[in-house]
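A, B and C are the chain letters, set down in written order, and residue numbers restart from 1 in every chain.
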Amino acid sequence: MNRTRAAVILVALAAAAALPHVAGPFWMGLVTQMYIFGLLALSADLLLGHAGLFSLCHASFFAVAAYTTAILQVRYGVPTALAAPAGIAAGTALAAVFGASVRTRGVYFILITLALGYVVWGVAHRWSSFTGGDNGVTNVPFPRIGAVGIESHTQYYYLVLAVIVLCAFGYRVLVRSPFGLGLRGIKASESRMRSLGYRTGLHLYAAFVLSGALASLAGVLYVYYNRFVNPVAGSFPVSVEAVLMAIIGGTGTVVGPFLGAAVILGLRNWVSSFFELYAAVMGIVFVATVLWAPNGIMGLAARLRAARAARG
Amino acid sequence: MTEAAIQVGALAKEFGGLRAVDGVTLSVAAGERRALIGPNGAGKTTLFHCITGTLRPSSGTVRLFGREVTRLAESRRTALGMGRTFQISNVFTDLTALENLTLALLGTDRRKWIVHRPIGAFAHLRERALEGLERVGLADRADRAVRELSYGERRQLELALALNSNPRVLLLDEPCAGLAPLERQRISQMIATLPRAITLVMIEHDMDVALGLADRVTVLHRGRVILEGTPAEVQANPEVREVYFGHV
Amino acid sequence: MTTGAILQAINGLSLAALLFLLASGFTLSFGLMRVVNMAHGAYYLLGGYIGLTISQATGSFALAIVGGGAAIVVLGYLVDRLLIRRTGDNHLAQVLLTVGVAFVIGDVALKIWGGDFLKVPVPVALRGAMELPGGLVYPTYRFVLIVFGSVIAVALWLLYRKTQIGAVVRAGVDDREQVAATGINVDRLFVLVSALASFLAGTAGVVGGAFLTLYPGAEWEILVYALVVVIVGGLGSLEGAMIGALVVGLLDAYGRWLLPEFSYFVLFAPMALLLLVRPRGIAGRET
C-alpha cells in the first residue's frame, strides 16, 4: 500500500472516529447505516466484482441473520454472545443452500437468485406465527456480553465502525489471496480456468457462502442498530440496492461499496425530505448509473488519474 | 510395454444429426509428437474437446496413461496431467500477464484455496511465473494487462499458460493460427524444444510446421481417421493430397 | 375433499392462464432479442390501472383490455428504443436499468392511483358463478379467463409454429445473426415481438386486475411468479412457458390450500429441485 493511500485511510478513519463528537445523533445514525449497508453491498460485490455473478438474493441472508438474532434475544432471552453468532450461522447456512444457484450462470443466475430472494421475504411475510408477519420482531435490546454492554447509540456507532474496519481489512486480504485471484480468473474466462485444473463450480460455491456470511454479519449489525426487523429487510429492493451501491461506488474495490452506500442513503434521505416520489428518483439513479457511470465513482477516479498521468 | 499417453477408442460425438467425430481410434505413445491434420470441419477440435473433457463424447472411450477418463471432469483431467491450448486465444484479458501465469501455476496446486494470505506473499510463485513468461519471451510484459498485448503475444501467452499447468500431455490447437511468419517460427521453435517428458498432440494447418515437428501424423476427414503414418508417408499419399489440398 | 381439489385445480388453471400471458412475452423477448425486461411486472400493473380507469370512464371491459394493452405497447416501445437499446447484450445492465424503470413506473402509479387495493370491475355478463357438473359452483369470470388464456396460448403457438413469421422468429431465437444475414429486417421483427410482449403484459394487467387486486407491490409479486414460470419452462421457449405456467399455477393453488403459511416455499421448492437437476429448465437452451 503506497503512502498516499495509507494517509487517506488514516484521515478517513480519524474523521469517522470524530464524527459522533462533531455531528448530531441524526448524522451518526445515518453514517451507521452507511457502514451496515456498505457491508451488505461489499458482500454482494465479492460475487459481482470478483466472480462476475450478479446475485439478487443477498437481502435474504441479511434478513435471516437479523430475524434469528432478534427472535433469540427477544423471545427466548438468549444472550448476545450466542444470539449474534447464531444469526450469522443461520444466514450462512441459508447461503449454503441457496449456493446451489451457482450451477447456473448469466441470466439464469440473476433470475434464480431473484426468485430465491423472494422465498425468504415470502416466508417472513406469511409465516406470521413465527416471524410476526408484517409487524416483525420489536424491542431488540442493545448487544451485551457478560458485564460489558452497549448503552448508547454512540457506543454502538464505534462498535460498528470497528467491525467494519476489521471486515474491510480481512476482505482486502481475501480478494488479494490466491482464492480471490481464482475468482477473477473465473470471471475472465471460466473455460480456461477449467482447463487449468480449477473446479470452478466449487470455487463459486465457496465464494457464495463466504459472501452470504458477510451479508449475515451485516444483518446482525443491522438488527442491533434498528432494534427491530420486519420483512422489508429481506425484500427485493434491499437486494438490488446493495448491488447498485457496489456499482455506483465501483465494483471490484474495497471502498467502492461503502461509497455507493453513502451516495444512495444520502440521496434517499435528502430527496425524501422534499419529494414524495423518491422511489422514482432511485429508479432514475439506477438508469443513469447504468447508462453513464457503469464503473462508478472509483471508475471515474481511475479515469481521472489516468487522464492526469497521460497529460504528464 | 509402457502404456500409451493417450488412447482414444471408437470415439464418436454427435451434434443433432451431425456426427462431428465418427468412430476415431488412435493411440499416442508417451513422449511422442503427433500431428493431427485434416481439412476444416474434419472434427479435429471436437476430438480435442472430447479428449480434454470440454465435451462428453456420444460414445467411445478416452484413456490417459491407461486410466479411463471418458466421463471425468475437465479440471480433474488437468490434475492428472492433461494440458491444452485453444484455437482462439483464451487468455485472461482483464488480468496482467503475470497474473495469468500465476493462475496457471496454481491450477494444479493446493494453494489455490488459500484465503488468508495475499498472493504477493508467495515469492516463489512469482519467480516461477516470471520464469514461465521468460520461456515464451514475455517477461517484459509481466505487469501489462493482457488486453494491451498484440495477437502474437497472446498466442505466446496461450502456450505459456498450458505449459505451466504441469502437463504430461499437451494438446495444441493450431498454436500458429493467424501469426506472421516470424512469430510462427518463434512458436514452432518453442514447441520443438519442449522436453520429451511432455507428450504432444498438435492440430496445425501449416503443413511445414506440422510435418516438421511431428513423429507421426494422423489424418482426419469427416470425423474419421483416413491415414496414420510418418510425415513422409502422409505427404506421399495421394488420397491425403486429394482430401487436403483438393479443398484449398 | 375432491371438490376442494377440483376447485383448487381451476384456481390454479386460472392463475396459469394469467401467468402465461405475462411469461410468454418475457420469454420470447429473451429468446429473440436477448433482453431481460424486469419492468414486465410494472407493465402489468400499469396496464391494469389504465384499464381500470378506462373501464370507469367508458363502462367497457373490452375497451379497457385493448386500451391497457395499447398503452403499454407505446410505453414499452419508448423504453426499448430510448433505454434498453443502449445496453446491448449486457444482461446485468438490462436488469438494473429495467428495475429502475419499474421503480419509476411503480412510484408514479402510486401517486396517481393511490395505495388502496383496487379491482377492475368484471363485465356484467361474466359476473356471478357457474354451476359445473357434480354440483360445484365456480366464479364464471375465472372460467372464462381459462378459456381466454387457452385461446391465446393456442393462437400464439400456431403463430409460432405454423406461420412464416413464426418460423422467422424461431430462426431468430436460434441464431440472430443468421436471420439478419438472410436480409430479413430483424429490427422490425424485434419491434413486433416486443410490441406483442408489451401488449400481452398490459392486457394481463386488466384481465388479472379483475380477480386479483391491483396494489403497489403487485408488480414485483407477479414478476417473480412469471420468472419462476420462465425458469421452470426454460428461457426462450414458448412451450416451456405453457408448461411452466401450469406447474406454477397449480402448485400455487394447492400450496395455498394445503400449507398457507408455507405457500411460497411450496412454489419454490420444485424450482430449486429443477436447478439442481436440470439448470436449463424443462425446454430451455444454453444462453
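List of remarks:
FYI, a contact is a pair of C-beta atoms (placed from the backbone, for glycine too) under 8 Å apart; a residue touches a chain by one contact, two chains touch by 3 or more.
None of these values were measured; they are calculated from a predicted model.
With respect to subunit C, maximal separation of chain centres occurs for B (centres as means of Cα atoms). Looking at which two chains touch through the most C-beta pairs, you get A-C. Centroids of subunit B and subunit C (each the mean of its C-alpha atoms) stand 48 Å apart. Note on chain placement: the centre of subunit A and the centre of subunit B lie 42 Å apart, centres being C-alpha means.
Taking the mean of the C-alpha atoms as each chain's centre, subunit A and subunit C sit 32 Å apart.
Counting partners per residue, subunit B has no residue that reaches two or more other chains.
Taken together, the subunit A residues at the contact with subunit B in this complex read 173-174, 176-182, 184-185, 187-189, 191-200, 206, 210. Within the complex formed with subunit A, the subunit B residues making contact are 52, 54, 73-75, 78-79, 83-84, 86, 90-95, 99, 102-104, 106-108, 111-120, 122, 161-162, 165. Note for the complex: subunit A touches subunit C at residues 48, 54, 56, 100-101, 103-108, 110-112, 114-116, 118-119, 122-123, 126-129, 236-237, 240, 243-244, 247, 276-280, 282-287, 289-291, 294. Partner subunit A is touched in their complex by these residues of subunit C: 30, 36, 83, 86-87, 91-93, 95-97, 99-108, 110-111, 220, 224, 227-228, 230-231, 235, 260-265, 268, 271-272, 275-276, 279-281, 287.
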